[in-house]
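Sharing a structure below in structure tokens format, with a few things to ask.
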Amino acid sequence: MITITPKRKFDVPIQAACINVDIFTGKTLEDIKKLAITEGKENLTLNDAFNITEDKTVETPNITLIGDFSKVKRIGQGMKTGEIIINGNAGMHTGEKLAGGKIVVNGNSDGWTGSEMKKGLIEIHGDAGDYTASPFRGTDTGGMKGGIIIVDGNVGSNVGCYLRGGTIKIKGSAGRFLGHHMSDGTIYIEKNCASRAGTFMTGGKIIINGTIELVMPTFTIDSIKPKVKVDATLNAPGPFYVFLGDIAEHGTGKIFALKTTNPALSTYEKYL
Amino acid sequence: MTEILIKNGFVVDPLNKIDCQKMDIAIKNGRIVEKVNEREAKIIDASGLTVMAGGVDLHSHIAGSEVNLGRMLRPDDHVKDAVRKTALTRAGTGYSIPSTYVTGYRYSKMGYTTVMNPSMAAMKAKHAHEELNDIPLIDKASFTLLGDWWFALENIAKGDLVECARHIAWMIRATRSYAIKIVNPGGLESWGFGRNVHSIDDKVPNFDLTPRDIITGLAKVNTMLNMPHTIHLHTNNLGVPGNYKTAIETMQALESVYTGDKPIGHITHIQFCSFAGDNWAHFKSGAAEIANYLNAHNHMTIDIGQVTFADTTTMTADGPFEFSLYELGGHNKWVNSDVETESSGGIIPFHFKKKNAVNAIQWSIGLELSLMVKDPWKVAMTTDHPNGGPFYHYPRVFAWLYSRKAREATLKKCNKKAQRKSLLPTLDREYTLYELAIITRAGTAKMLGLKNKGHIGIGAEADVAIYNINPNTTDIAQDYKPVRKAFSNAIYTIKDGEIVVKDKELVTIRPGRTMWLDVQTKEPCRIDDELKRKFKEYWTIEFDNYPVTDHYIKVPEKITIQASV
Amino acid sequence: MTEIIKSVVCPICGCLCDDLEVTVENNEIVKMKNGCAVCEAKMVHGYKSDERILEPHIRKNGKLVPVSMDEAIYKAAQILTDAKYPLLFGWTSSASETQHVGVELAEELGCALDNCCSVCHGPSVMAIQEIGIPTATLGQIRHRADLLVYWACDPWSAHPRHVERYTAFTDGRFEKSEFKEYVQKLKGKASKKKVEAAIRRTQVRYQPPPRPQTAIVEAPPPTLAKTGRKMIVFDVKKTMTAEVADYFVQVEPNSDYEIFGAMRCLVNDQEIDVDKVGGVPVEYLKEIVDAMVNADFGAIFFGLGLTQSVGRFRNIEIAIAMTRDLNRKTKFVISPMRGHFNVTGANTVFAWQTGYPFALDFSQGYPQYNPGEFTANDLLRRGDNDATLVISADPGAHFPKSSIQNMMKHPLITINPDWNAISRLGDVVFPAQWCGIEQAGTAYRMDSVAISLKKVVEAPKGVPSDEEIIKRILNKVRVIKAQKTRKDVTETKNVENKKI
């Protein structure tokens, strides 16, 4: 296990895509210390900014980060195997393009966490920022493809955009434009969801256990279902209003909104 | 200026009928000369290497409003291909629409020294020139979109071609351009109200004429003005199954204008208008029909618009075509950009896939045409960058042309239906280096009327490319991969007598020139109050603010032409 | 000496009207024709203001003191090279020639580069990147449009000549002006207003009428079905533009997205499960959509009411999606009402050099792009940058307090013609010429047509163009960097020698 702690408080952002189990594997501690990062425009080595120690007795997690990493971007980018634990906040693009392995954040994570992720698991035990699990700007076919993201706290806006597969479980509330343009996959929210969920969606499902601020007029009521399957381990008990949409995109995505927490949606029952 | 002597290279120079002869090329003051002082000159040992003139690309969308909108549209495209700043070069991005500097660098590394920017809306000409200034290392010129310009349409409808010629001469000068570009004549005007024309004899709404009138009218005007290039024509019905008939009708329409001395029309990216079959399900190649026509007639030239199977961005002034492409589905982004009084435009990201039957057949059509048209002087190699694929994929196209083996290797990976429909297995022809030099520099320079480019005879501009190909020891058709690699990065590129690429790396960055025509009609276009009033009515820019001024061209090369009217 | 200069281009808003007639007397603009009130305010009066910066200043012991240009350039270059991650912001009131050098400077510094569009129409650009855009130059709209929709913008106040030059009040080849009709309507309105104002004055204490809780939307007028030009305005309040429109739809704030959604369903002939969206009855929306579908050529213009309200670029995305849907039935275009006269140019110039229109970062040696990560306000809010250069913009007046507070923690360089809010806060303050009045150059109109700005008067003595300042800073930065590397090289050599 490699343990990394910041040597000082960072002002300007650090790009450290090299904090990645695949890259560390097979390297000696000295080699790891020499890996290149940038702090603003300055080119540094990992050792310039962080204290790095190795504990050969512990196998997993492979990398432990201790301290405030909120200014450190791209931790575990494109990682295929292994496990990273961050005891503290994580910066932007954490676990971007993750292709396997596991990243645990014992703190909050910033925007674009798990962006364009393919496989693996990201656990965030605090809040997650905007654009979690959403692709890079203008990428209409690069949404999250698979894997699981679990967020214990709340998430920002535009989470799970262009989702093509995988599961996002949010134990708190979600901001606007949840699952925008998603075509497959599942998003499950235990608490509340802001308006404009599922806009432009063509497939997949969004399950809301709390209240939804407003259902877009581009969704039409389909039925009331007693329960819905989130994934292999979880069946959410209902009853749920099921909305179909986004009809303006001829989509067949589904939004499940719990009946008991959404009395305002009862006006839709007349169309059933 | 330094003198350079390229020694012992295998020179391929079709315009001077030199085919892989071992000889020396001497350079002095930016020109090819008979000899230089060997003791003072810089010697390049080119033994075992192929020496050609710098490449001349006659159709590649590298700058302008449309291109830049495409750049803006696709951050997803750039993020795949970031280019670092070096001590010598600027940073930038690719992939399908590289930023300006990267465009210059990549062309130069491929041994290209001249590139034509074929689609410039007149009203947005200043923008195009500002971008061209930022493309280093290569010479360039732009073609103005004039096929749907109201002044031209009105004059042709009136039958006053002389007046039309004067206006066009004014416009060519005002936009600092090099040729007349016609895109979907009549169609773009119709697109102003969301419609299109579907044959060359459809009536253009609100104007009393047909696409046929526009094409033949402007071809005549082109001849009257003694333009160095022919009209540069993007046909009607582009990208529609069965459109090879339109392409042939268009060429037939131009037969009447032909006087027998030199070609009078150029159909660009003809691959996109050589489709047979009634609909997409019955889509097939019309290459044989087009090639037969071209083999029997001499008044037309073509360029291919080869598909290279890339995740690219299609962009054309043909707005209605891009919309119909968008309606076929599979793309989330669609840009349409109409230009008042003149033109239109459209952009769509497009991924040409081998496993897609239509895409694979399109790939096959491009190669079939290149191989079935017998005279290489009639054919120019392009990918219609970035429409068929980015320009730095050219070496792949070369390989498909000079090596049957390369074609077969790709065809094997294509969609099965496309494989069955392809004519490629029946075609044995393999391009020689000599023919390859024709379709990439000698022929294109000739089509463009660039007398000092495309060859390395005495007096020519010293634009030279040296590739790591030894024609004596290599069978290019068999060993196609190393040759392809050699074409993708020249050992040396020399521009105007200065070495810009050495040992495959850029060593000097210098600006390229922007060529433009000053067409002098016997009687100039009358700039009276009537014209100014009309101008105010037609455009939203004042007459005084419309023309491109000298400020917008850093290194101009003015070419003065005496028109015959 | 009096000189009349024709076809002068107005350097104020994205309309870039180029038909001004300017009278210059003794190197001073004294009169102008054709310009709007905003244009006249700047070109005849504003540029001569007493608040003009005439020489460079550096903050010494907390006070700004005048210094020589050389000293200011050196100081600025030093700040920028010493900082780990500077931000260069502004650019939208500069000529594209200046913006061009700006990208080079940012590249040389390896810093963040952003322009004002991140606080105006950046969301429009981001929406285009998501979905594309069907658009047209303004003349195309002038010649052809028979239905004009202004959504969340008030050209009458912000782009005063937009309606008169490019849309409803101008004669096109295929569509004629509706000017006379509007003038009559306007006259009626004006006299009504005068009466109302007189009544108001008679009351001792004027009480503003209570604002209605929910928007009251009138039913569409029968004129919506007429042939010829029509104008519809969507906004949260009745603006001057709304006053002259055929139909005004007052929408509830922050509900544009839902309305667009509903209208998209209606364009696609689908039923909606609700009766009212964003305060507008669906039956009214149906009539509006009918008018849209039946138009020969429709044009939608949108403003900051869409780009900077809740939903931001998603608002534009859905507006474009609706326009795209409409193109399956008729011809429709959509266009942003760009603000500063060369904000479009900033996007254009940045894009051709780097591939990206704004929100750029060069810290990795190549361009990176991500609004939300590299946009000025996001950088400042998080305190990511450690020096700022502001050129031809005034974030001091327009940015949130938290951003400015963080900006003030680090050195600030400003390049502006006059003492605006941000110049007063600067550590190094440069003067600059007024672009388009004292300095020629290129600007891009809101429909990205390049137009040459003219120089009509001479700048005060010693005041350089911002292009020159940026060029000189760039050169100085290169010199300092070269010195540093030389120093680094000798230092490492010394270290190595000691080791031996």
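Letters A, B and C mark the chains as written, and numbering starts fresh at 1 in each.
As a convention for this text, contacts are C-beta pairs under 8 Å (C-beta built on N, C-alpha and C of every residue); 3 or more make two chains touch, one makes a residue touch a chain.
Quick caveat: nothing in here was measured; it's all calculated off a predicted structure.
Between A-C and A-B, more C-beta contact pairs join the chains of A-C. Distance from each chain's C-alpha mean to the overall C-alpha mean is smallest for C. Rounded to a whole number, the gap between the C-alpha centres of chain B and chain C is 36 angstrom. The mean-CA centres of chain A and chain C are about 34 angstrom from one another, to the nearest whole unit. Separation between the centroids of chain A and chain B, computed from CA atoms only, is 46 Å. Contacts with at least two other chains are made by residues 129-130, 362, 364, 369 of chain C. Along chain B, residues 73-76, 79, 332-333 each make contact with two or more other chains. Within chain A, residues 136-138, 140 each touch two or more of the remaining chains. If you check the complex, the residues on chain C that touch chain A are 83-85, 109-111, 126, 129-130, 257-258, 261-262, 264-265, 268, 270-274, 277, 310-311, 314, 317-318, 321, 325, 362-364, 369-373, 383-386.
Within the complex formed with chain C, the residues of chain B that make contact are 63, 65, 68-69, 71-79, 82-85, 90-93, 97-101, 123-124, 126-127, 130-131, 134, 150, 191-194, 206, 323, 327, 332-341, 347-348, 537-545, 549, 551-552. Partner chain C is touched in their complex by these residues of chain A: 11-13, 15, 38-42, 71, 92, 111-112, 130-131, 136-138, 140, 158, 176-177, 180, 195-196, 199-200, 214, 216-221, 246-248, 250, 268, 271. Considering their complex, residues 73-76, 79, 332-333 of chain B touch chain A. Residues of chain C that touch chain B in their complex: 6-7, 9, 18-19, 96, 100, 104, 107, 125, 128-140, 142-144, 165-166, 171, 173-174, 296-297, 324, 327-328, 330-331, 333, 347-349, 351-357, 362, 364-369, 442, 444, 448-452.
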